[in-house]
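Labels for the chains are A, B, C, D, E and F, by order of writing; each one numbers its residues from 1.
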Amino acid sequence: MDRTQTKKPPEPMLEVARLALREDIGRGDATSLSTVPEDTTARGRFLAKESLVVSGLEAARAVFFSADEELRFEAFAGEGERVGAGTVVASVEGSARSILAAERVALNLLMRLSGVATLTGKYVEAVSGTDARITDTRKTTPGLRELEKAAVRAGGGVNHRSGLDDGVLIKDNHLAIARGVSEAVRRAKESSPHLLKVEVEVESMDELEEAFRAKADAVLLDNMSPEEVGECVERARREAPDVIVEISGGVNLETIRAYAESDPDLISVGALTHSAPAADISLEMELC
Amino acid sequence: MDRTQTKKPPEPMLEVARLALREDIGRGDATSLSTVPEDTTARGRFLAKESLVVSGLEAARAVFFSADEELRFEAFAGEGERVGAGTVVASVEGSARSILAAERVALNLLMRLSGVATLTGKYVEAVSGTDARITDTRKTTPGLRELEKAAVRAGGGVNHRSGLDDGVLIKDNHLAIARGVSEAVRRAKESSPHLLKVEVEVESMDELEEAFRAKADAVLLDNMSPEEVGECVERARREAPDVIVEISGGVNLETIRAYAESDPDLISVGALTHSAPAADISLEMELC
Amino acid sequence: MDRTQTKKPPEPMLEVARLALREDIGRGDATSLSTVPEDTTARGRFLAKESLVVSGLEAARAVFFSADEELRFEAFAGEGERVGAGTVVASVEGSARSILAAERVALNLLMRLSGVATLTGKYVEAVSGTDARITDTRKTTPGLRELEKAAVRAGGGVNHRSGLDDGVLIKDNHLAIARGVSEAVRRAKESSPHLLKVEVEVESMDELEEAFRAKADAVLLDNMSPEEVGECVERARREAPDVIVEISGGVNLETIRAYAESDPDLISVGALTHSAPAADISLEMELC
Amino acid sequence: MDRTQTKKPPEPMLEVARLALREDIGRGDATSLSTVPEDTTARGRFLAKESLVVSGLEAARAVFFSADEELRFEAFAGEGERVGAGTVVASVEGSARSILAAERVALNLLMRLSGVATLTGKYVEAVSGTDARITDTRKTTPGLRELEKAAVRAGGGVNHRSGLDDGVLIKDNHLAIARGVSEAVRRAKESSPHLLKVEVEVESMDELEEAFRAKADAVLLDNMSPEEVGECVERARREAPDVIVEISGGVNLETIRAYAESDPDLISVGALTHSAPAADISLEMELC
Amino acid sequence: MDRTQTKKPPEPMLEVARLALREDIGRGDATSLSTVPEDTTARGRFLAKESLVVSGLEAARAVFFSADEELRFEAFAGEGERVGAGTVVASVEGSARSILAAERVALNLLMRLSGVATLTGKYVEAVSGTDARITDTRKTTPGLRELEKAAVRAGGGVNHRSGLDDGVLIKDNHLAIARGVSEAVRRAKESSPHLLKVEVEVESMDELEEAFRAKADAVLLDNMSPEEVGECVERARREAPDVIVEISGGVNLETIRAYAESDPDLISVGALTHSAPAADISLEMELC
Amino acid sequence: MDRTQTKKPPEPMLEVARLALREDIGRGDATSLSTVPEDTTARGRFLAKESLVVSGLEAARAVFFSADEELRFEAFAGEGERVGAGTVVASVEGSARSILAAERVALNLLMRLSGVATLTGKYVEAVSGTDARITDTRKTTPGLRELEKAAVRAGGGVNHRSGLDDGVLIKDNHLAIARGVSEAVRRAKESSPHLLKVEVEVESMDELEEAFRAKADAVLLDNMSPEEVGECVERARREAPDVIVEISGGVNLETIRAYAESDPDLISVGALTHSAPAADISLEMELC
């Protein structure tokens, strides 16, 4: 743990941190420069104001590290840990000006990522006892994909593709252009690298059969009812037991249990990243 | 309108677009490259799936422009326009591969920004008839501050500071370090540039009086009840009529009306940007 | 074709072009600035000095575009086309100073990429009539991976992973650290995204069996003799017909035929990109 | 030596390293992340698989430093040292995941640069005993010029210009546009900075005389036979003893000795950098 | 002081330093690489050759830090300190090659910034005893604004806006387009963020009155005589005592005293940054 | 001329322009956004307020181009042209907001560069009739070297080295470390690229002789009196007629004539770039 806390944060995190600090600080923190003496030191404590699943402490550390390498940041909770309201999840100590200049950016990341992890945790809990796994989508915040995908993992979910290049997923818009499921899958298997699997969206039993015949590795059932999903899953288990079945669309915290009980492998939920409310966390500072 | 649609999008928007496209596309769109012929052209239509306030069409245009300068993007709704479910708000036409590579990023921005505008619109409506204006905070998404601040304007709100350098706002954490309201305001007025106003957070009537005596330009009342706000506003109008009164904390769509009727100048709401759910918009494609 | 030649080149190519031009031109082309008048215009023709497979004309176009958007570049051969010695494969026309400043960089890319395509073509020819496909490795030139992978395709090969993130390939160094084939494959299948396949290197029949039992999607046979490869392939076809068999190591233009006749699916050859001699191409200029 | 190994590598090397790592790692090393525990440490040893001249260990160190500043890299051979097959030229120790993520990029640079040094060494050896020096050209790999020029020095060669701005070299394409040798040299001497020398390509005795009269500092004889070179050198020594004579074109390991015995000052060889096969080096890892 | 000298310099300074070093060093310091052995160490002392106000030592430190993190830089004078000719203001010690590569860039910054501070000091001295403060403008060197604004503070001046976004200043060119002082001020107050003040240029008593009525926060009197300024100030103090009065134009070291005695709040002087002669400082090196 | 004005400005100029605009505009031009309607168009005219030598109009054009590609910029004076007070040297037309956002940056560059050209012109005039040429130094503004060197040419001067890599200049600080003139020159000639000349600073007749014997290409006489220079030049012409003689130090507009009459080849003047006062130019706008 100690080691984690003194090692330089990974470069992609530092890039996000630098970008965000530049955006927020601009030419300087006019308030702290004029009201806080240069040599004042302080300690800040990050306080969970509600029950939440922690994600983003490493990103917060990267923010403080980017602002001032001499700040000492300490995490008291692990990535993915559930904490109750009132828990101090981390502290930072050093130059008061540096902490004040960086706190908002650190909180913005921490609150958003913990928000994603907490919402994911609710979905994961809702399907507990089934074999369905909760997965994310590409509906992430521009610039924060890797952090948000880590937050999904923190919440107990698993990750779908990272982008357009590490998986083939033929969706309705592709099918509208290519000539049907069979032909699209055939083209994809022929010309994409041999380590990428091919998944295809299907809208009917016929298309499902087409997908099996074309040797698709996975199928996506979009906007079906739980009953329809159940029939498709059953057919898949019987005819193509190695094919992965993913569902999406129409899924929310009320409906997901019914879907999960239809026994798909994966349920993808865009809301995990596009509509998670921020977790409520504050920073409280004191002189030291 | 025509002119808007052929002019090069502004550089900060292009930077966000390029960053987001690189993040999503990575080394190439494996699906489209294998399933869609290079010379296929298509048309996509952006469809509002619910009633919403539009924001981000210019950002979406920047995404398509960055992906392929030959795509033709057309907006059918203005920034800040309220549209009903089923409205086509924009279209894009050109290389099918280019549209498919860029659609998700364009939607991610458009849905998030329209979400912010739509939520802002609800707050603005909730205070209609009062003199209170809804304003944002620095609790924005790292990397998207300018876009989200524009979305707040689209929803009828006004913008607070853009960052730490274009306004002095002395908050609780500064006061914990500086020596009280009077001294902090005095320092800020003395050493910050003469075109920046000085705002200070106050927690009691005594501090409010201190702020007036120190000639603060604005005061922030944080986490007070509507009644307390009312008393403070009354005092301010009587003793320091030019001082701007802002409130924050404990404000949501249920409580905001009561606060607004206490007659502050500004109500700042972090949730506008940190917890707005994405607006539901889809892209539907067809060959052309 | 016309369209290809006026459209802005893709951004990743332009980045390579700009980097290379900055490296070569530095603060300015001292020779042309002093010996060639600013308003002189010229035409240059790219001449193949030997039989070769063309790759990189689009990269050359990106170089001239980056140097001076007003240069007119015209390609007379397609990517992957075989041309004889003496063929003019492209021309460029416009400001003489601009052409002279950019020619070396354009040639450096074109010669290297055509070199890769030409060498790949020899390997592909050597296995013709078999089902084995020639594939590349990650042994590419730092900064030029995507261009070199395109050159491999131009020469008739297929591409392996683009990098460490779009495929799982467990090699000897991983196995030295993880606990054997079974356990490594199990971990990979459990925790990597569901659209990535898992390939594992095996060194014996026993490990091959382990790989089959662990449901690896592909196996890599490294440094085996053609006979050993033959036995493994036979076993694979019988016991795990969907598993992809790749071989590598000890493969050169003399030995590859024997390997191909052992009937693997893929033969990966590092030399395609790390040791291909440059193709001989020159630029001849004249006033116009 | 110790000092070399703990000091931060020079910035240009780090830039190449970061670019190459980003290209290879993408969004993360899917294999190591899933098969190698985070806290595993290991040691890797770089093993020469053939006799070679070492170049690029400092670049390899920069790669590991960029990937993880806590890796310990140790070089056992000096830049330019000749080592036999089986020699361990360097080691790296630390986080197994970090080493695995960076090894391929480190090897790609080390193998390429040692390949250049080794090939240069063969040319240098071929002219031993003569006064001719082997020099490189601008036919280098885009993005790697400085590293490849260092590799040429490691192999015993000397460097020509670094780019278009640190020397004037009037070649055939310039002469086709300017009006002959005399006029071109005159213009160059008049308007380029006084610390740059002027070299001009000549194709005949007449042009050689022109170059002498115009006070060129150096002449380039391109594509002449060894006998023609001999005549030109003799004339130069007699009439313009301070003029540097460089030859190029038609030079390979078979023909170079004859050229060197004609006694030019410099022989430039494009193949040193555009066609050097990679040196064979592997990394062998073990737990530690 | 010790602490200041070992801490990493702030990022914006490092960016300027890196840019300037890259510009000056290019591909390497040909002179030092060939004449100074790699392991030579030396000490350099920065010597003021005339009386001056010091500014920029932190920037000089950032230059040496960027060139080689192992150089030890020590400052013997504080930012804003006046020193006499012959004073050693700083020293640097370490690798001779590193010092020689960085010295010119360090001196270029130090001489320019101390020049700005020294000239500012003369203006400040010229108004001593009055209440007028000397302020800078946006007429700074592209890329060096923050450093030059710090130099103005070092010389005893105060800073105006940092840029176009942290203050509203309506000047003649805006007024030529907007419809007069009243309307322009009204628009600015209505639609700019509430923490920005609004300043407006006025050219007559009538416009001054307009500005007061429109509740401008500050007025700029451009190119008036000291007498006219006096009248305006008097009117302002009487009618709008909180309004800040700034003057500019026609101000130089001869005329400024008369202006200052007319009692404006601020006198802005473009020459502080656009025409300050460099302070005379040299670096003297010795082996160590 | 037309062509110059529509062609995309060169990339290095655009980089300076973008950097400077970002620095000045920050998050937006608060004044114009609030006071000038979006669709207002205007025309601005650049007016010389004093006699000056023009330099930097191309840089000004790059600024407007970077701010808004649709602005139309027209130059009425050529680079290096002398114009009288009252001359309109350029105009710009288009969106009023765009012009107002970019004008200060354009003026900052234009005034500085014309200042450099004008001061250079004075030095050139002061030596007219002699063979001495005025040259610049590396004492330029960080980030603006190429532009300032062009301004020196515009004023009639010639350029010295562009940086540390395109010429060898052994100065006092090198000599303090290397072992004297002979040894330093010998090392430099041996190990620097053959197209770079070697210049060495000498402080006495003995060192001058050493430089001749060591075959230095040029000598720098620093801080000598005109008489001493005269003697050195005479000796050089007699003993080493091809050696270039440069002087520096103690040169100003009063003393330079005497130095020039001592007949050196080059007189380098740091003040050309480090202490040139800005030329007085204003922008006047009107609606159109």
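Rule of thumb we're sticking to: a contact is a pair of C-beta atoms (placed from the backbone, for glycine too) under 8 Å apart; a residue touches a chain by one contact, two chains touch by 3 or more.
Predicted, not measured: the structure shown is a model, and the values here were computed from it.
Common neighbours of subunit C and subunit E (chains touching each): A, B, D, F.
Centroid analysis (C-alpha atoms only) places E farthest from subunit C. Pairs E-F and B-C differ in how many C-beta pairs touch across them, and the larger number is found at E-F. Of all the chains, the one whose CA centre sits at the greatest distance from that of subunit B is D. Here the CA centre of subunit B is 34 Å from the CA centre of subunit E.
Distance from the subunit B centre to the subunit F centre is 45 Å, each centre being the mean of its Cα atoms.
A straight line joining the Cα centres of subunit A and subunit F is 53 Å long. Averaging Cα coordinates per chain places subunit C and subunit D 22 Å apart. Counting partner chains per residue, subunit B shows two or more touched chains at residues 26-28, 162-163, 165-169, 193, 196. If the chains shown are joined wherever they touch, the resulting network links each chain directly to all the rest.
Here subunit C touches subunit D in the complex through residues 16, 19-20, 23-36, 40, 42, 44, 96, 100-101, 103-105, 107-109, 111-112, 115, 138-145, 162-171, 173-174, 176-178, 184, 187-188, 190-193, 196, 270-271, 274-275, 277-278, 283-287, going by the rule given at the top.
Contact residues of subunit B toward subunit F in the complex are 7-8, 11, 146, 162-163, 165-166. On the side of subunit E, the complex with subunit C involves touching residues 26-27. On the subunit F side of its complex with subunit D, the touching residues are 135, 158-162, 165-169, 193-197, 199, 217-218, 244, 246, 265-266. Chain contact summary for the complex, subunit D toward subunit A: residues 18, 26-28, 66, 69-70.
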